[in-house]
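Below is one structure; the comments refer to it alone.
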Amino acid sequence: MDNNLTLNISGLLSNVRQTKPLVHHLTNYVTVNDCANVTLAIGASPIMADDIEEAAEITAISSALVLNIGTLNKRTIESMLAAGEKANEMSIPVVLDPVGAGASNFRNQTVRMMLERLQFSVIRGNMSEIRYIAGLQATTKGVDASEADLENSLQSGIDIASGLAAQYNCTVAITGETDIVSDGKTVICIENGHPMLGSITGTGCMCTSLIASFCGSTGDYRMAAVAGLLCTGIAGEHAYENAGQKGNGSYRTALIDEISKISAQTIHKGAKVYEA
Amino acid sequence: MDNNLTLNISGLLSNVRQTKPLVHHLTNYVTVNDCANVTLAIGASPIMADDIEEAAEITAISSALVLNIGTLNKRTIESMLAAGEKANEMSIPVVLDPVGAGASNFRNQTVRMMLERLQFSVIRGNMSEIRYIAGLQATTKGVDASEADLENSLQSGIDIASGLAAQYNCTVAITGETDIVSDGKTVICIENGHPMLGSITGTGCMCTSLIASFCGSTGDYRMAAVAGLLCTGIAGEHAYENAGQKGNGSYRTALIDEISKISAQTIHKGAKVYEA
Amino acid sequence: MDNNLTLNISGLLSNVRQTKPLVHHLTNYVTVNDCANVTLAIGASPIMADDIEEAAEITAISSALVLNIGTLNKRTIESMLAAGEKANEMSIPVVLDPVGAGASNFRNQTVRMMLERLQFSVIRGNMSEIRYIAGLQATTKGVDASEADLENSLQSGIDIASGLAAQYNCTVAITGETDIVSDGKTVICIENGHPMLGSITGTGCMCTSLIASFCGSTGDYRMAAVAGLLCTGIAGEHAYENAGQKGNGSYRTALIDEISKISAQTIHKGAKVYEA
């Protein structure tokens, strides 16, 4: 446990709850309700608006933007670009969740195009998605990381995150057994979480929404990413303790419960976070 | 507590459960599952169909129509108009939920256009949304009412609801700490509810679906609006008692539980409703 | 109880959990989150991708495909056809859920067109939907089976399922008080389930996702259909025992809990399944 890091994250949590940043989401229709509920649970305020007629205008009144390509379609790609460009213009942080990158040419081309045209503050994905973006061999199986990609060493993950962060001048967060966050210069690892997080849909998307909520109330996007991962991980552990035996439905409910109850104290007690 | 009002509302609840009205929703993809579930929980039957090829036809077999602009897009605006016009033609009640009115030009123009072309039975919104529609200064922050707008007096809210109801010849329902319902001549206030309703997404949308469910089995749309607000408020209180301490996820589950268990008795015991 | 049948189904369950088949869904936005969660709960892996640019490509890496027309629109019909054709070409099983067939010309024409152009492995619907597809008088009320259609005898349902299965050379599953599965030659009935399954949205869609999950790890689509219906029915009973009194919200959570906890033992103890 690193006391400075946990103090820093507790401060970010307090900021979110005081400033209630509006977080604009262009996201998939599978997990959108969960994204809205975790954004509220951490203390921020969600808004979803994906028509090209209003996407940029809604971004302009928001404090952070999520671009999540989980159920990508041609209509909303245009809106994502418009929203992203407005955010860049106004220095509003943009968080990319490249759901399923590597699984289809359409997703691959869209992610490439977004990386060319937009400046992201944070990119969060699983190992397969991030490997794909980094131009490495990735054996994605749909929207989950493949076992082959997960077998690589922690050091290899750190190298990928650092390299990609340097290349795109942003923070890269890889979620997995050990989460890795890098801004290209420094690396922070988080060992919180529980395997049961993989047994319900949307925990990656929810984590991205938490990162964006934190980005909406700080200029330190690296620490915002750490905070989002840490809150997901700690809540995932507590949810398992309280509801894991009951089954997947109860675990999902408990996860949102625990995100809404996270505090400086639970962070201080539970965080397994360190500079690598 | 007003005994005549609560008797009246209990009668409406019994009607819904006996007639199981089909409630056609053109609504957003964020809270649509919750809308479907509360419609079932109160005893009605939901159907969602938004393609222009079938929107009017589905409305024609329904007993009420919800138009909710939470994730408005150009494709579904056309469908909303077709469904609304069919409903008007057949005297099927239409309930408008102007989510985020005031937040973008696109929403504003769409709401204006709908108000010009369609006759609504009930318009339900928060104070910022209703102030915007009434042509007053509104400082909406996304889809939630702004604190500035909430600081106005109850009397000012009553005046706005009454004026707007008279202007559009419909019932206007403003949800807030005190809910206000007016048909332009009379005013009913409801003091049920709990602040935790604001901590989960979709409670406004769910309330609108309940209002439409009641509209689907009575010709008294003013009382249908009161019934929808009252059921949301009472269920919100009970959900807090049973699950509030557990967190936001459990509160959401409990809210739907309590809507499914609402009865003449819980209404009689819990209602804080009076003619203003 | 038929010991051979339950042994067979337990084997299928074990297969799903070992092979974790990827199940591609083109489905409605109302219950899509529930579909994703039950797919995970049974041990498979969901992916939702509906743009024409990637639909067929995602199907090609999947082990089963769900086409669910709950919120049909012109954009996704094209994608459904492309995905279905790719699946047929590659002998990937396709499961059709004709939600609301009979309720609008648009749904009817789309279902007809799909039946002409695609070869389904399983068609699962309620009695009104299946009666409509079979060309019989159906009095559908939205997306639920009408009471008139439910009053027909079990033998009449068996005849319809058998005839339709023979006509389209596939397995037909009708869900109701007694579920009926036929491949045109044999008939299996399942008497599990609970009326409360009808009080929450999406239990039909979830059942279809379970069937597709089983199809993704066996070539015996008739037994995959039986397994999906049986798991839904047994989970629906257990969920009622554990949470029915709490209300609809808790019942929904418990249903997903019970699907995630289903085992050879619960199947063996609880199955009410027999060859008719």
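Letters A, B and C name the chains as they come in the text, with residue numbers starting at 1 for each one.
As a convention for this text, a residue touches a chain if its C-beta (ideal position, glycine included) is under 8 Å from a C-beta of that chain, and two chains touch if they have at least 3 such contacts.
Everything numeric here is computed off the predicted structure, so don't read it as measured data.
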Is it true that over half of the residue numbers where subunit A touches subunit C are used by both copies, so same, or is it different?
different
On C-alpha atoms alone, could you tell me the rotation angle mapping subunit A onto subunit B? Nearest 5 degrees is fine.
120
So what's the Cα centroid distance for subunit A and subunit C, whole Å?
33
At least two partner chains per residue is the criterion; list those residues in subunit A.
29, 33, 252-253
Help me check something: in the complex, which residues belonging to subunit A touch subunit B?
22, 29, 32-33, 36-37, 40-41, 45-51, 53-54, 57-58, 61-62, 75, 252-261
Within the complex, which stretch of subunit B touches subunit A?
28-31, 33-34, 70-74, 100, 103-107, 141-144, 199-202, 246-250, 252-253
